[in-house]
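Same chain, two partners: chain A is paired with chain B first, then with chain C.
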Partner chain A sequence: MTFYKLLKYDVKNGFRLGLINLLIVALFALAFCIDFYLRKNGAYIFDASTPEGTFIDYLFYIFGGIKEYIPSRTDGFIFPVKWLLLHLFILYSTLYYPYRDLSSLGLNILVRTKGRMAWWLSKSLWNICYVLACYLVIFLTVFGFCLIMQEPISLNITPMFVNDLLEADSPFDIFSTQLVYIILFFPLFISLALNLLQMTFVLFIKPLYSFGVMAVILLASAYLLTPILPGNYAMPIRSEHVVENGVQVTDGVMMVLLLIAASFIAGCDYFRRYDILNDD
Partner chain B sequence: MTTIYMDGVYKKLKGLTVINNISMTLTSGQVTGFRGVNGSGKTMLMRLIAGLILPTKGTIKIDEKVLGKEITFPESIGILLENPAFLDSYSGFDNLKMLASIRNKIGDDQINHTLEAVGLDHESSRKKYKKYSLGMKQRLGIAGSIMEQPDIVILDEPTNSLDTDGVERVKQIVQQEKERGANVIIACHDTDILDQLADKIYYLENGAMVQSTRRVPQA
Partner chain C sequence: MMTNTLTPLLKIELSKAIKNKYFITTLIVALIFALLSAWYIIDLHFYTQSMMKIHGTNGNPMTPAFSLFNHWIGGEATSLGFTLFFTLLPLMAVLPYGWSYFIENKTGYLKTVVTRSSKWYYFLAKYIATFTAGGLVIFLPLVINLIVVACFIPAVTPSTMYTLYYSVAHVSMWSYLFYTYPLVFVILYLILNFIFGGLFATMSLAISFFFKNRIAIILIPFFLILILHYSRTFLAYKYYREISPLNYLHSVSIENPVSSWIVLTQGLLFFILTFGITMRLGVKRDIL
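Right, the complex of A and B next:
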């Protein structure tokens, strides 16, 4: 019962503090939808008609990421601004709540709940709920945009956009339904895992440094296509279903499970003997 | 009623010894005072008793249960640490209500009664916390620590930011808590207040206990 109350407190209080950031996430998603719509219209301006972009096309554009970077004298590394902005903003949104809660009312709440593990579990569940809410907001914004712009609400990927607008350099002409699930779920799963990892790091280092570590992981992922950097799984255009040397779904699932389990267990274990000092 | 035993307690933080071989027994129905300059270890000692930090060496027992092993925190404790912190967007009353909802031991009447005891009337307790003055924040912090009538009451610098009325109320509250049978632990810079309130005073220096005095009961 006490755990339920603790979770209720975290969800209520955490969401209350993070409400504005959810609105900002919606604004980001809206801006990316408009960007895709304009780019689509611009790219096919000389065609008889502008092709329609489906619900999943918009999501693919938002979460897509960048194609593999191959260092050369002519091509410099281009930062995946949209992709980074979205992931980093969600990470930033969950960065301070657990930490600040310990120097606020949360300290007295913790003492009353009598369990450090319950506190950590509750914060982890809040973290998961908040990231889920961020993605729900993105999906709803895209859904609303498609409704307003009379774009089809469907999960059919338009193959020509993949190379024309997402610049994926894909050798494929058609894409499997598995790619739809990758677009829908993998950015979310990696976000969940990285947000939990960041929360665990905050026990060891200052929140801003923890955020910095996540930024480095994401940037390194964008720079290097390798299965050991988790950000690659959050870029559907680096999937094996888009490019031949892409990352595999099974590896991605393993990576997500490993990161979530390691973050939760390490956090739980360390928080049991963590000194609560409020040395802000 | 609760007894706190500390046996050879050390605490090291970042290589620095902040609590150095402290042994003491704190009993119910008594007010124990900690005195010492800033950085002498008073707050650390209170955090150790509250279970917020764990000893590097030594044992703290609350009623025979080892803190950090058999229990995570004392069963019944109310704490006011240096700077009380609540949620800005809630009123003082709502903050306390949220705290009380965890144990579900007291209702609105008890919360209101405690708020009045610390000098926060109905109107001021309904204001948002962010509009509170430092003194009001301190009063709310004290209310939060005593409202559920815990067995252990820890008050770190309870008279900070308080006016004369506030200080008098703190004295009354500490006295009432003692009479109720609580184990009251208080750290205070004001030597007069500590002399008036505490049954026993421990002097701390560089994390070590250097002296203790017991108040002589007045005839």
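Right, the complex of A and C next:
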């Protein structure tokens, strides 16, 4: 079986299995848009008119995350449920297919590929395609919502929302165009890296524990503002373009490349010796 | 003639639920979270005490402000251990035994049991065992955290003078106990956590009847609770009572005060749905 055929098989079967999850991702995105719209109307109820939210404002609200938490006896930590729900759901969506394909029919396909590396590469590419599809669904849902609600489809960040609605505590009055790219690409890149890392972890520990490790990484990232926890780069609110002690773009790029490379190399290496008949 | 096989079946199920590697692993992970909270909070307590000695307290040592009841994992809301424990609580409750019916149905074990007993007994024993395993995996780390923290921080009765440090509002559930018999309040919360841990675990048992994917069976209850938690955002500035179990299972209010009616209603709803689905669909389903 050629690599192209294997990839085609994975894309077809993986997407068929995860189609309903893409629909759920769209529903989440729609709920987040409605949430932002209502919050915006509520916050500026006493103003002469409610300011319009642009396409990028909606995305910023969805992917934003939370500002740095400074532990205090009087203020408890409130985890960013919207951000966590989205990232964990995408992680859940890519968890089952590669694991399932290591049993029954998938084993026959693996034997026919005559190369475990090709199988692993194909699953990694499917994983990347699926995460890209999830983000495409989110972008399209936000785009559709903006069209229906007659909100401007533009990439101009509305500065007043950053502190009023996203509670970023930003000292800046205007935001650079670089922040737009961070909002559009960094949550996606970190999601890609974490999904690949999760797939690799499945080889070492059970899928559910692998998911648990990702949940711990995301929660720890929300709790601690530090460049070594990848979740921080998936929160544009914690970017250096929003807060002075924010995480840097270059560190984020390095983190993504490191995670993807480490996941792929460790996965390839371990999968060559992996006992595929161990069906526990 | 069918003899009463419920008692031996229940013994076997409870033994399987508690003596399996998933229960042990999840318990260890939950204990790590609980001890992480204890370590952080004990360290913070001694740091605060030493700072007060250095800077002085103007004659007020604020003793009731620094008590066991706002330092154990159910009373503090500032550590990473607390965050991990209470956010991942529905997931940890399901992991020990929530998957068992799905596996037993898949491997055929269910048939061998049901032919020697009855479906009703099997599902009743399964429900009780799943509930117990889910409850225990949450309850035990909380108790151990309480004991560890109590070894270092005195159990001073909270005072209404320091509500800033307690955030148990007078309208909150069992608040009258908190400021008079705080240990009773804590014990009631431990029981509440056991019950909800058990109910979360049985959610996956009920979901097993609809899905053929083990990962979905375990993770769907967790996502349902996260969705319920997120739905609070639509009640902002309209309703000021806690509706999320992730918040109200913590004895000190994190965002909104807790209403006993909401806790009771949700608990009953979860029980009726999980027990109803398990017993009705389980007994009705043709397993042969």
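FYI, the second predicted complex is superposed on the first by the 277 of 280 C-alpha atoms of A that agree within 3 Å, B and C clash if a C-alpha of one lies under 4 Å from a C-alpha of the other, contacts with A are read in each partner's own complex, and residues count from 1 in each chain.
Operating definition for what follows: contacts are C-beta pairs under 8 Å (C-beta built on N, C-alpha and C of every residue); 3 or more make two chains touch, one makes a residue touch a chain.
The model shown is predicted, which means the values in this text are computed figures rather than measured ones.
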| item | value |
| --- | --- |
| Partner with the higher number of touched chain A residues, chain C or chain B | C |
| Contacts of A:113 with chain B and chain C, given as first, second, both or neither | first |
| First, second, both or neither for A:41, with chain B first and chain C second | neither |
| Which superposed partner A:226 touches (first chain B, second chain C, both, neither) | neither |
| Touching partner for A:50 - first (chain B), second (chain C), both, neither | neither |
| First, second, both or neither for A:6, with chain B first and chain C second | first |
| First (chain B), second (chain C), both or neither touched by A:156 | neither |
| Touching partner for A:275 - first (chain B), second (chain C), both, neither | first |
| Chain C residues within the chain A interface of the complex | 25, 29, 76-80, 82-84, 87-88, 91, 95, 164-165, 167, 213, 215-216, 218-219, 223, 226-227, 229-230, 233-234, 236-237, 254-255 |
| Contact set on chain A toward chain B in their complex | 2, 5-6, 9, 13, 16, 103-105, 107-116, 273, 275-278 |
| Parts of chain B lying in touch with chain A, wherever the complex brings them together | 13, 47, 50-54, 68, 71-73, 75, 77, 79, 81, 85-87, 89, 95, 98-99, 101-104, 144 |
| Residues of chain A defined as touching chain C within the complex | 31, 35, 38-39, 42, 71-79, 81-82, 84-85, 88-89, 92, 95-96, 99-100, 207-209, 211-212, 215-216, 219-220, 222-224 |
